[in-house]
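Consider the two complexes below, in which chain A is the common component and chain B and chain C are the respective partners.
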Partner chain A sequence: MIYRVISKPEFRSFIDALVQANSSFGPRRVDTAANGDPVYQFMPVGSADDIEFDYTTTASSAKHFFLPFSEELSRFCFHERDWEQKISYEAQPVVLIGLRACDISALNILDDVLLKGNYPSPYYLAKRKNTFVIGMDHLPLPGCFCKSLAHHTVSTGFNLFCSDIGEKYYLSINSSKAFNYLKDFQTEEPSYEDNCLLTERRKLISRSFQTEVDVTSLPSILDIEFDSPVWEKWGTKCLNCGTCAMVCPSCYCYSVEERFDIDLKGASRNRKLYSCNLVDFAVVAGGHNFRPKNGDRLKYRYYHQHRGFAENGNQQICVGCNRCGRACLAGINPRDVINDLRMEKDSCMICVSQSPGRT
Partner chain B sequence: MKNPVYTFEKLKFASFEFTCCEGCQLQLANREASLEAFFSLLDVRTFREISSEKHDDYDIAFVEGSISRSDEIERLLAIRRQAKTLVAFGTCACFGGVNSLKNRFPIKESIAEVYDGLPVETLPVRKISDIVKVDLSIPGCPVAKEEIERIVVNLVTGSLPAMPKYPVCVECKERLNTCLFDLGEICLGPVTRAGCSAVCTSGKTPCLGCRGPAEDSNFPAFMELVKERGLSRRDLQEKLGFYNAFEAYTVHET
Partner chain C sequence: MHDMRFAIPRQDLNREAFASSVPDFNRKSEIMKTDTGYKCRITNIISLTDQEMLFQLRIADPRERSIFRFKPGQFLMLELPGYGDVPISISSSNSNHEFIELCIRNAGHVTSALFRTEPGMHVAIRGPFGSSFPMDEMAGHHVLLIAGGLGIAPLRAPLFWINEHRDRFREVHLLYGAREPSQLLFSYQFEEWKAISHIQLHTIVEQAGPEWKGETGMITRLFDNVSIEAQNTYAIVCGPPVMFKFVCSHLDRLGIPMNRMFVSLERRMHCGMGKCCRCMVGSTFTCIDGPVFDYWSVMNLKEAI
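Let's turn to the complex of A and B:
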């Protein structure tokens, strides 16, 4: 890693040149909610003026740049009593500006799942390799809890990370590409004062968290609470709408469908991001549904997020961005669900420690 | 009809309209890019929007519209006798559709209002499955042509026609729309079957549920959401009643 500082106007010129020369996406204000809050999304940008550098967080994550909501995985062409399969992994280079530390952590988690397992995904790899990621730090929103999962800072997985130290950005340069792009712009070695400002900035971010979720031994609590009434309590509220998984930066479940082209001369295999909350997620051939109840489906989403599956070493994949909590119309959010589970567990411990007695 | 690997039979196809705007049938003739391929899957026996020929030897009948006159019942029964597969095609056919708004008023009043007192024979609006057995329902006001293409390919190739079971919110989120609830409106997306690519909400218009209930949708939780956000119950009832697609859920609610 190489560290530099850049003045804000110079940074703007740098970003401007970068986005003018590349297909780029950055945070843009798309709406104002009824309560007055601005709504941001990663959208195409054509100049630095299009970008809201001081945005809060986007409603949807940047996941779909790497795992599109739907994607054609392969084509089949029929000819002369035979058929041929065509697969293409090509991805156009893209510049992504303004990802938060937790967003980049989520990409690192997706890397673990999709690249480091037995069957690395070439589709994901092509996009990940061809995407230039610029991170930017920010002060947390009231519901953000990435600090609880130690994802409020990030040290890998990006090309460039910018910390706002007032008049300047403190740049962490993590790729030769980023280093070369920056050569044409005026940057400086961080001074002692810049380093102090960076430390101050990090402290400020760290103390600004208003939401803390106690995730210690959560995986084992989840195992113990598999049959907890908590699941039914929250499941009854769940609309099975899949919104939580769609906006989440680390949910990666999908369904695959094959279909003929309308002229029957070809066919395609398609992947669509899915959600374990959707009613037919666990339906198998013959129509049997392994998870017919809302509570069961919701439980599995929490299991995947907070207990982890074998394919990623049983690690939690939630990064604490709280996008799911903000977007859920039913008011279901990780903080409340996890706290409920903890309370279940705690009351259970009291009971266990009291009942045998000490006589 | 053949592709190099498989041989398929064309569908002996007929399309009929009842009380409706014929917008759904028009969709069948829409989407020029794939129109030729689409019609090469069909042996059209009767379909007045595209051909003046009329033959009664069809196997599959797309029935569009709702039933609002006694002569329509006779016609529908005849179609049912002939068709091996009868498809309720479009929201009017599946749920009654916009036409059902009429059922909220005394018949006499509607006739007086609409026909200025001319004597017209009309019945309360009913959906197709109220009269005959329906083998497949394809909702939408109008139907989505892409979905129709997929379903016709399924029927030709003998695979199961499938529609999304999940609600519109999934497709709405794919399009990165701001949720209309966050903009202070009631949207039926969370309880409505997807498949339309969230066309209304992407244009900032709340979903009125033309595709009917999603499978296993959590209606009590949805009512709770509207209540919690302090949104108008009347607006909710208006929306639920618009296409008559939530009849089963609205009867016990007032």
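Let's turn to the complex of A and C:
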């Protein structure tokens, strides 16, 4: 890692040069929420002026550049009584500007899940290799709890990371590509003052978290509380819409569908992002549903998010961005569910009323 | 004019050189085809009952045929282009390198389309995937094979193994239950198993007409006819999910150690590679860590049976 500081106008011209030469995406304001807050999304940008550098957070995460909602895995061409399968791992270079630390952490977790083990995913790899990631730090929103999961800072998985230190950006350069591009712009070695400002900035970010979720020994708690009434309580609220998985930066469960072309000369095999909260997630042929109840499916999602699977070394895949909490139509927030599981007195009504032994 | 110095060079995964620069990437996908299927010709279709058929496949490419090797208990993803792919356990001998046999029930979207295929058509297979029955570990012990209904399909691979290495095993019992006598699959092989392989075969059906001479009732009734030396016995149980609970707890009472009882689980699958997460049981993938689990692991998995 090489560190540099760059003035804000100079940084804008650097972004301009990148944006004009590549297909680029950055945060733009697309809507206004019901409570008046602006809604941001990663959208195509044409110049640095299009980008809202001081945005809060995007409604959807950056994972869709790597795991699109729908993606063609392979294609079959039919002729006579035979067919031919064609596979291509196509990806075009993309610049992503303004990812938050938790977004980049989520990409690192996806790397672990999708690129390790016996079956690395070439589709994901092709996209990841062709993406230039520029990260930016930010002050947390009220609901963010990435500090509790230690994802409020990030040290790998990006090409360039910018910290706002007032008049300048403090750049962490993590790839030779980024370093070469920056050669044409005026950057300086960080001075002692710059380093102090960076430390102050990091302290400020760390101090600004209003939400904290205690996740210590959560895997074991999840195991013990498998039959807890908490799942029933939150399960009855869940609408099974799958919104949480769609906005989550690290949810990757999918389904594969095949479809004939309309001229019947070919067929395509598509991967579609799926959610474990959808009713037919675990339905097998013959109609048996292994997770028939809302609570079962919700529990399964928390298992995946906070217990992790063998594939990613049992690490938690939740990064604490609270997108699911903000997006949930039924008002289910991971903070409340986890606090209930931990039987925190102030939030847990069930354990006080139903089991007098628990306090 | 755009300054092309800032254009990011495209890295093409379709190019050999780049793909092989990724550690372990090209080599493994060469042996274990993950996205490309092996093209197979359907060489024969045998109708077993009105709901189950035995498909015999032959991998078209000789080189791919020489690569494809599996162990008893593993499964493959059978793909019918345009319809989708389904996980099917392999029910042929793993020493048969020429043909693969799959016993398939007409149960869903893909399998109902499969039932309309004819010999000579081409399907694709990916795999093999998953864990297998520990046949080497079982050697020198008594073996109890317990199948319910379609559960005989994954059991056929270990049965073939035992037939081919009969001298390595002591007593072998096959307990097989079905709903009706007509739904007993592979009944044409029963005499062969009994006479040639010295497998003690016990069958039972739930409902039967007067022409049925054998036992009727639940499969656990068959344990009364079998005397086993529990400490030296391995058991393999395959069947519908509801059967596992009764049979395994019965075997547990008989005194068979939990780590010597094996079950083969079934779940919905879309990839077979531990990526789609559809087959998750508790926090374990059925496709990578399973489908064969010992009963101890299954007991520790939430919502497994």
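One rule holds in what follows: the second predicted complex is superposed on the first by the 342 of 359 C-alpha atoms of A that agree within 3 Å, B and C clash if a C-alpha of one lies under 4 Å from a C-alpha of the other, contacts with A are read in each partner's own complex, and residues count from 1 in each chain.
Assume a residue touches a chain if its C-beta (ideal position, glycine included) is under 8 Å from a C-beta of that chain, and two chains touch if they have at least 3 such contacts.
Just so you know, these numbers come straight off a predicted model, no measurement behind them.
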Applying the touch criterion given at the start, work out whether A:S148 contacts chain B, chain C, both or neither, answering first, second, both or neither. neither
On chain A, which partner's contacts cover more residues, chain B's or chain C's? C
Touched partner set for A:Q305, first chain B, second chain C, both or neither: neither
Looking at A:A21 after the superposition, I want to know if it touches chain B, chain C, both of them or none. Which is it: first, second, both, neither? second
Would you sort A:S61 into first (chain B), second (chain C), both or neither based on which partner it touches? neither
Check the residue A:I262 against both partner chains and state whether it touches chain B (first), chain C (second), both, or neither. first
If we overlay the two complexes on their shared chain A, which of chain B and chain C does A:Y252 touch? Say first, second, both or neither. second
Tell me the contact category for A:T187 with respect to chain B and chain C: first, second, both or neither. neither
State whether A:A330 touches chain B only (first), chain C only (second), both chains, or neither. first
State whether A:N322 touches chain B only (first), chain C only (second), both chains, or neither. neither
Chain A positions within both the chain B interface and the chain C interface are 78, 81-83, 259-260
The answer for chain B against chain A in the complex is residues 1, 3-6, 8, 34, 37-38, 40-41, 149-150, 153, 156-157, 165-167, 169-170, 173-174, 176, 178-179, 181-184, 189-191, 214-218, 220-222, 224-225, 228
Residues on chain C engaged by chain A in the complex (per definition of touch): 2-14, 19, 22, 24-25, 28-29, 32, 34-37, 39, 81-86, 105, 107-108, 111, 120-122, 124, 241, 266-268, 270-271, 273-278, 280, 282-285, 288-289, 302-303
Footprint of chain B on chain A - complex, ascending: 30-31, 33-35, 39, 41, 43, 59-60, 64, 69-70, 78-83, 236-243, 246-247, 259-265, 273, 275, 278-280, 294, 327, 329-331
Complex contacts: residues of chain A adjacent to chain C: 17-18, 20-22, 73-74, 76, 78, 81-83, 85, 87-93, 95, 113-114, 117-122, 125-126, 129-130, 132, 177, 181, 184, 223, 226, 252-260, 267, 274, 276, 281-286, 288, 290-291, 296, 300, 303-304, 307-311, 314
